[in-house]
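For reference, chains read A, B, C, D and E in written order, and residue numbers begin at 1 within each chain.
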Amino acid sequence: MTKGAEMTTGVKTAAAANPPAVPPTASSAPAPRRNWRSALRAWSPLLVLLVFAVLPYSTVSVPGVFDGPLNGPGTLQLLAICLVFGGLAAGYDLLFGRTGMLSFGHALYFAAGVYGTDILVTKAGLPLWQAALLTLVGGTILAGLLGAIALRTAGIAFAMVTLAFAQVGAILVARDFGGLTGGEEGLSLDVSGLPAMLVGVGNTVNLYWLALAYLALVVFVVHRVAGSPTGRVLAGLRDDERRIGVLGLDPYRFKLLAFTLAGGLATAGGSIYCLLVGGASPHVTSSELTLSLLVMVVLGGPGTRWGPVLGGMLYMYLDHRLTAFGTSSAVDSLPGVLSGPLSQPLFVLGTVFILAVYFFPGGLASLSTRLTPLRPLLRSLLRPTHPTRRPPAGG
Amino acid sequence: SPQDTANGGGDSAAPVKVGLVYSQSGALASYGKQYIEGFRAGLAYATDGTNKIGDRTVEVTEVDDAGDPAKAVSAAKDLIGKGHKILAGSTASGVALQVAPIAAQNKVLFISGPAATDGATGVNKYTFRSGRQSYQDVLTAKSFIGDAAGKKVVVFAQDSAFGKSNEAAVKAVIGGAGATVSSVLAPASATDFTPFASQLTAAKPDLLFVAWAGTTAPAMWQTLDQQGVLSSTTVVTGLDIRASWPTFGAAGTKISFLSHFFDGAADNPAAQAAKKAVPGGVLDLFHPDGFAAAQMIVRAVREGGDDVDKMVTALEGWSFDGIKGKMTVRAEDHALLQPMFQARLSGTGDAMKAESPKVLTPDETAPPAVAMRG
Amino acid sequence: MSTIVLLTLTGLGLAALYFLVASGLSLVFGLADVLNFAHGLFLSVGAYATWWAAGNLPGAGPSGFGFVLAVAFGVAAGAVVGMAVELVMIRPLYSRTIEQVLVTVGLSLAGVALLQATWGADPRPFPRPDWTQRVTSVLGAKVPNSGILLILAAALVLAALLGFLRYTRYGLVIRAGVENREMVTALGIDVRKAFTLVFAIGGAAAALAGALGGVYFGSVSPSQGGSLLIFAFIVVVIGGMGSVVGSAYAAVAVGLLQQFVNYYGTSGAGDICVVALLAIVLLLRPQGIAGRAATT
Amino acid sequence: MSEVVPILAVAELSVRIAGLHILQGVSFTVAPSGVTVLLGRNGVGKTTTLRAILGLTPRGGEVRGTVRMGDRSLAGEPTHRLVRDGLGYVPEDRCVFAGLTVTENLRLAERRGGSPAYDRVFELFPELKRRGRQRAGSLSGGQQQMLAIGRVLLNDNRLLLVDEPTKGLAPKVVTEVAEVLERVAVAVPVLLVEQNLAVVRRLASDAVVLAAGRVAWSGAADELLREAELTRSLLGVGVAGESHVPLSTPAPGSAALSSPTDGSVPVSSSSDAEVAGR
Amino acid sequence: MLATRDLTWRIGEVAIVDRVDLELAPGEFLGVIGPNGAGKTSLFNLVSGLRRPTAGQVLLDGTDISALPPYRRARLGLGRTFQASSVFGSLSVRENVRLAVQAQRGGSMRLWRRAAADREVVAAADTALDRVGLAHRADALAGTLAHGEKRKLEIALLLAGEPRVMLLDEPMAGVSAEDVPELVAVIRSLTGDSGRAVLMVEHHMDVILGLADRIAVMHHGALLACDVPATVMANPVVQEAYLGESL
């Protein structure tokens, strides 16, 4: 067996640990029970969306979680970044969790969105909507073209080819060709041509809503696609590509579709991120960003509707908040052996992440399913079970 | 708007909120550490140890940006949202360039720190700087060749914004003075420097200007030394923080350094006060930046109260005595004119010492004024 | 002429460094199927352990036998760390390939930050014998001795790894174990021990690369390992996963290509050429130069 | 059953995987000589039983009950130790190592301290010798099956667990494998899962029939196969003596083929079966 | 309907499939037998397009399809099963079959439709499952099926695709004795008067004899014989090389 196949096997196991990749609604149960629970289930996404949408009207403070009230610009900015990355992770999951393609170059399309928008606004002086639209089209075409090449390989080779493309992107940005990108200093966004409602700290809330809209869009698109006949083909590709071909479906076309779509979604996210942080910096081209995307998806639960979103938001939240945690007085007062490492945000992030892989196999999204079998038992207090017992030593 | 921005108000007894966004972690953490030490010393110095401006205490909030502009922007928005009218920090150039527009959009004072990019000078009315800029480095380097006319100068730089801005500055400064300037650029990620060393040897320059930052610098110097570049021409480069000196190895004593600052480069009341105040009692490269930032903030608040426009006016054209000596905020573009130093290293290992054969006056190293862009 | 000799020999030195970094990675990746992102950390561990030993370990020092002792200490530290990582982090996740990769990602983040917390982010001068800082004249070219040292070490490591794979059963056990771990145990083999051993060897090889890299660079910093890692990945993939010999070929190709293009081409074209080489090789031969062809 | 002390005793073996109760208290013994067959429909848990004996259960699986070999309890022992102590296993899905060559596959199966009986294996499957350098993944299905069997015959075992060894083999090879197992079983007891009733008939001394996660019947194999009624009710197939009744209406032209050359068509499938009134 | 001309596949010097000429008429059931490693599966791989022949052609309805990728051949009505079950392990059994139905109904991309709303498709999938007797496992994950159940799922996948030419690779291997007659009946119903043609590899002689109109014998990659069963079974080479002695 090839390594590539091994990699997909890994994906498979990861996915298999989750509830079946196909949402339960798909399997047409003999008599679909329509009680209030399922109604709530169906409407809960909208409910959550609504809660997030009205959040900026709340002046509540959540001490320890955010410093400052929920509607403070700092909190909103942080939340908006989390939302964008939630969406980004959900889009990446279309590749990784839903189709089983391990791309190490997804950051490229995000970066294309960030830099494309920035350059078109700042250097070419286009109005924002034109710049964003052009960038979206450009990023999608870029994903389509590079995907068409990269998809001639599979498995680890595919991962590495995408990584190579992204690396070229990173080099081009760092080299600052034509003075377009600003190299490692980045390029700050020229806001003079932007609508006033998107500029200034007082208007962070508008950016927040934009980010929320982006997340909602991505989740909706990914969910619709995953639930569509094409989505089923993607799920099939994840398991056995050869089989899909023998059934009469062209694996290449479907994979390219997923790749391009995910690329386009990432580009759109890049445009929003560019507005949010008011510019572009080479951090977004780094291969670490792709790796973090992978981390987000696995943290949340690949192939699930909410897992990647949760993972993305949590990751970015930690990434931003840990810097504050590291410098907090609580950490400073610890003995040197502890306070040293703990004041390094990356140390905490890395550690949290490792622990998450161990303790939430299948991701955050699997938490509820993993608890489900416990519930009746807890209720009747019959006897303790070990739903996730490790295999015996030899196995 | 649903967002109800908290406001500091004009209460004369309310504390002065100052937000410092700089690198506490990440690659530039040690620069950040010097900056904050310098800042604390400077604040104490400028307020005579009270940390109060008039009746108002100075409340400093520190935020780590880990060198990432995105984090810095978030932090800046957060601080501004919480009513901070004064921001300072920016260890990395990228951070300075992206926080500066935020400051202008929200009309708060921003004093950029160790970030050396020329781009932060004249970027907008609300942005100042408390450190030196690349152009001043290059003017210092120029002092090593005396009359530039007819000389051959080669720039060896990282192929990055930092390297290119140095290259451009050399072309403008030394080339402008009549020297022919050519350059060899190498990728910042380069591992082996032999090809570049060969190119440099082949070019036979009268002066070699090296602009290299990052962890590969020791390998680069060793290769230049081994291939005989250092002994064949005058080589000039910027002197980094003290901890890096031993990594020059044998090359260290063969290089002519331009220096922003090193311990002992200047002796004045501010430097003495700073030396006493910083942990360890030894000043280093970026202590002056933090120190000057504090001095500028105290001045701004004293003269401007809570009115940012008044603060700006108070700073423009202001001269003061910092650790490095006399500094002046140039009114046109907010460049900080300051003395610069030539330096030489002697000794080996941890016992390496620097001395300054020549000090350049603020005027000698004054970059050309640029028009204010925003 | 002397330029070409110089570029070739320093290119080979660079190749040797890449190979040293890649060899452990290739071993672990090829045999245990773990794309070890923490390999860069192992490298840094080796370098810092050597650095620490030269200053603190009795008998060790920057020159002569003391230096050998310091390097040996570094290598041992790398082996121990590799072993510990396998035991504690990889083993509980067997057959969950992606999770294994991600754990190593987390480890590389945390580990490098830990080094930084302990010794700071700035490069520290690396202890090394004086002769490694000098040059040897070969056909008029001044070839750095550290490069020659790297070439020798790489040749030794190559021979040792090939011997290990050829003359012991471990290679077989692990290759089989990656395919179907359960079945290997059902043949009466304790596959876990073999995996631990491979990680120990990978860690030791990385540590050696770290120590010699320290000599080569003259300094050591926490992120040094990570920055070498990307080229090591490229080398491993071009060479064909798991093929140590393939890695050697690929390292030479990458090292020379980079060196010559950097000299004759424009700046930084070397990196782009290497990335292009990677993409081309993979598109033409997805299994890499010496990789085994897929059957199914 | 027999008075002799069984080599393997399985008692109250229960296996749950992912909430499914696959085995629910299975108990049986394996006689110290001869072949004990484990029979039952697809999905009844035969493979699961063998794997549980070896200590191989998938992640999240839960095993209860005891397995004793002689007076030693196997529960909780690592698989590799059990195998080293003489428990040979031929898995259902062959599980040859696709990336290794045939020779490497065999070398891997050598056990420390023993002297691998390559002669025995190559004599039985000369194909394996010829294809020594071929990667096992590119072997044909039947060749892989040969490798899987050969691998276990390389060593001397105290008990063999063999899961559907004749699946996918050509009739001629089925016969050969059956002969080998018969020979082996003289010295080493075998617990065999097999769907081919002809093979079962030839080899089995004892039989255990699983149904719905439990033992539905156990006893001497003769008894099971002799009584048509019992066979039908337990295995769902009738045993129609030695004559081959075509499965159903023969296709034109094949009618004469049921016994073309006087019954010399080997029995090579489950086709002892006739449609048993279902 | 299906024909191969001189079909050859070599690896290095070894011919795995050696100049095979086959003809399959509409409605015909052709059994393929031969010793292990004779090249039967390889022949299927060449016909279904998973491998490219080194020489020769595959013709479907008279047109050369040798250069087409597997999915194009499948669209033209060529379906197959695999000797080693290859099903979509992380999908439910029903979803597995549903994919096949979907592929059969035109593989155009529909991104915005709800898959669950395709009642006909699901119904067709359930019918196929019913036919092979797997309806009760429809909601199980295919990866957790027992071996024999996977074999049945393979056949269901084939049925759902409604191909005109079917290649069956040892469909009975590992199917419990009790279920054989049922599956045989299913396979028999495949041909009938529908005009479909079947090519089946099987080592269970009774199954082959009960089903096949003609039997092709492969040996060392080459076609040794291809004739009505009686003739083939009487062939001494077949007896000697393939059937061997009776148990």
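Quick note on the criterion: a contact is a pair of C-beta atoms (placed from the backbone, for glycine too) under 8 Å apart; a residue touches a chain by one contact, two chains touch by 3 or more.
Chain-to-protein mapping (UniProt): A, C = Branched-chain amino acid ABC transporter permease; D, E = ABC transporter ATP-binding protein.
All values reported here derive from a predicted model rather than from experimental measurement.
Once CA atoms are averaged chain by chain and compared with the all-protein CA average, the nearest chain turns out to be A. For chain A, the chain with the farthest CA centroid is D. Ranked by C-beta contact pairs, the top pair of chains is D-E.
Each chain's centre was taken as the mean of its CA atoms, and the one lying most distant from chain B is D.
Averaging C-alpha coordinates per chain places the centre of chain B 78 Å away from that of chain D. If you average the Cα atoms of chain B and of chain E, the two centres end up 74 Å apart. In whole angstrom, the spacing between the mean C-alpha positions of chain A and chain E is 42.
Between the Cα centres of chain C and chain E there is a gap of 48 Å. Chain D has residues 54, 56, 78-82, 98-99, 137 in contact with two or more other chains.
Shared contact sites, meaning residues of chain B that touch two or more other chains, fall at 25, 159, 187. Looking at the complex, you find that chain A touches chain C at residues 1-7, 9-11, 13-14, 102, 149, 152-157, 160-161, 163-165, 167-168, 171, 175, 242, 287, 291, 294-295, 298, 340-341, 343-351, 353-354, 357-358, 361, 390, 394-395. Taken in their complex, chain E has these residues touching chain D: 29, 33-42, 83-84, 144-149, 151-152, 170, 172-182, 184-185, 188, 203-207, 209-213, 228-230, 233-234, 239, 241-247.
The part of chain A that touches chain E in the complex is made up of residues 12, 15-16, 20-22, 25-28, 224-225, 227-233, 235-236, 238-240, 242-251, 253-254, 257. Within the complex formed with chain B, the residues of chain A that make contact are 56-57, 59, 67-68, 71-78, 81, 171, 174-176, 182-189, 191, 199-205, 273, 277-279, 281-283, 320, 323-324, 326-327, 343-346.
Looking at the complex, you find that chain B touches chain C at residues 25-30, 159, 184-187, 189-192, 194-196, 198-199, 215-219, 221-223, 226-228, 241, 243-244, 246-247, 249-250, 349.
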